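Chain nomenclature is as follows: A, B and C, assigned in order of appearance, with residue numbering initiated at 1 for each chain independently.
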């Protein structure tokens, strides 16, 4: 693929202040098609700020985010017109929230939750929308018989899988995930991770996964960004950063993990 | 049957109750609404001598466009003789001194709550709708700033989510009134709680259609001969209600029917919701199965 | 460079910031070249940095100085300075690393762990599964065990899955870290055969073989390591 030669998304000098409080400072990185980037760090390290800035949910105070669009090539997502940005957000991108209630429409059925993005881009055939939704329920390992049930009747793990299906139905090229396994208990978490791993590699998705859980990031991400106090202190291949951490903070982080 | 009637106006009121500055303000909003079909124009809705929800938006629109040579008809759910219709008709008779009528073809302005007359409208007529909630996207997006942005960017896909839910739950699109439409291929619009039976009448109507929401302070319009499309799916096309009965009074099989309970034994009959239309048909000699039960010529 | 792998002046030390900044020098100028078809055994006391060499070659540890050149596709990649994406490509296509421990992934079966190596290299699901079945069978992992996640496997079984995961693909360069450590005699012989076969088809092998019998059976050359330096 020709587009493989250039990054799908590039952040350069991303800086964000909340008033006088620093969110993140001078963060730069590239993500290539099909690559999964993990961002780790403790609460308040700025990882979620970075995620919001690169997914156009938050305007950076300085710096640029360039995204290689299918039709127009690389664009600065904070400069491009709002309609194009919003179109990107609901077709080419996915966003998986830690709390599925932030990413789902709780008052409409699972099928409609999955079908919404299709209808938003003009699908007008009920039967086909439903067929696609059914197949996605299957792909995220949910009982297709629950198609017409409301998300609030689902367990946390099922809601999270529904949220993932809802995002992937338009075949996005990059998915942003904020602590995707955060609120789940360990066995559910493992299953979800396994599912995510499979989907990401089968679909050739690029992804940015923000997490404070190093085990999650070892399983999911190719590369890692370690953040502390709003800046990136270390970056590299995931196993390299975790097995041979260089920065004092990364060493502390890695040595603090409990291994059962 | 009520023909055109004229009452001597009460003294001491400005013509049609509203002061001239207010009427100008409302007219400016109406002009903008006509210029951008289906777009909700904010206006400074006034306190009226009746509560919000009783048609204050429609009354302000009517008050702003009515002239001394106009003839006014007011209907409520198709009937000319309910409290709301009678009161509003009396209101304009006393504050503007204009003639009022129950006959659709005699009226130049028809203010309506929840129906469009069965008699096709003409180019010289204006239909004024009373609107409780103007925003079609409100059910899924409570933030006004966000719904405005969705209108601006034509992000209307979510509206189909609602129709999808209908089909998933009931096997067909069960929404039967206030059925969402797309005006002139651009703005998504709530037609006010008219039955979807009336939606096709809005499409390319020669009459001007104005919508006033008093509590929500919005005015919108469908200019004459403008396309009004009801949303649907390719495999679940838009359909209007059908009855396997005819009107018990006039025998009509083409009008919107109300079911009426006639006694305590569960007796019921179906009659035209549009009383003027029904009366006119009876006068013209059409008969239904219960002909004679209602006295043609008045309530 | 004639070899498939060439190490020049490799230096590696560890600084333990969480333990008062202790500085641990491990490698101080290692030179080594491995030709295709060769099996070079690193030999020396434990703690001398044998595994560190393999991990540096695999890009798992970052070298402080020196070059690690790997013949990859049509060119040569220096693993010390390569971009992470390049390292991933080298790992996918050129350098296979059998680490001492299998990192298990919850819920993923032994068969899938092995097949994934081929799937990552572009094989279709079916042929990858077939190849996985064959190599696992050869390493005496019974069919019913192949469908289970290796989390509950014994040490020896895990190690054989780990071997299968790498040996299922024909990597031009193989790094073997104590591949027979916890195996019984029968399985040790299977592994010896597999290593010889790999060398026979031209793989350049760099390994650590604690077991003298295995080392004698597979190594074409032994490089002794002592206090961070190799001596021929």
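Observations on the structure shown:
Assume a residue touches a chain if its C-beta (ideal position, glycine included) is under 8 Å from a C-beta of that chain, and two chains touch if they have at least 3 such contacts.
Keep in mind that what you see is a predicted model, and the values were worked out from it rather than measured.
Viewed as a network of touching protein chains, the structure reduces to a simple linear path. When every chain is reduced to the mean of its CA atoms, the largest separation from chain C belongs to B.
Comparing chain C-alpha centroids with the centroid of the full set of protein C-alpha atoms picks out A as the closest.
For this pair, chain B with chain C, the centres built from the Cα atoms lie 78 Å apart. Computed from the mean C-alpha positions, the centre of chain A lies at a distance of 32 Å from the centre of chain C. Rounded to whole angstrom, the centroid-to-centroid distance between chain A and chain B, based on C-alpha atoms, equals 47 Å.
Against chain A, the residues of chain C that register as touching in their complex are 14-18, 55, 59-62, 84-85, 87-88, 103, 105-108, 119-120. Here chain A touches chain C in the complex through residues 32, 35, 190-191, 193-194, 197, 201, 218-219, 222-223, 236-237, 239-240, 243-244, 246-248, 251-252, 255, going by the rule given at the top. Considering their complex, residues 82-83, 86, 105, 107-109, 111-112, 115-117, 119-122, 124-127, 129-130, 147-148 of chain A touch chain B.
Against chain A, the residues of chain B that register as touching in their complex are 140, 149, 153, 155, 157-158, 160-162, 164-165, 167-169, 232-236.
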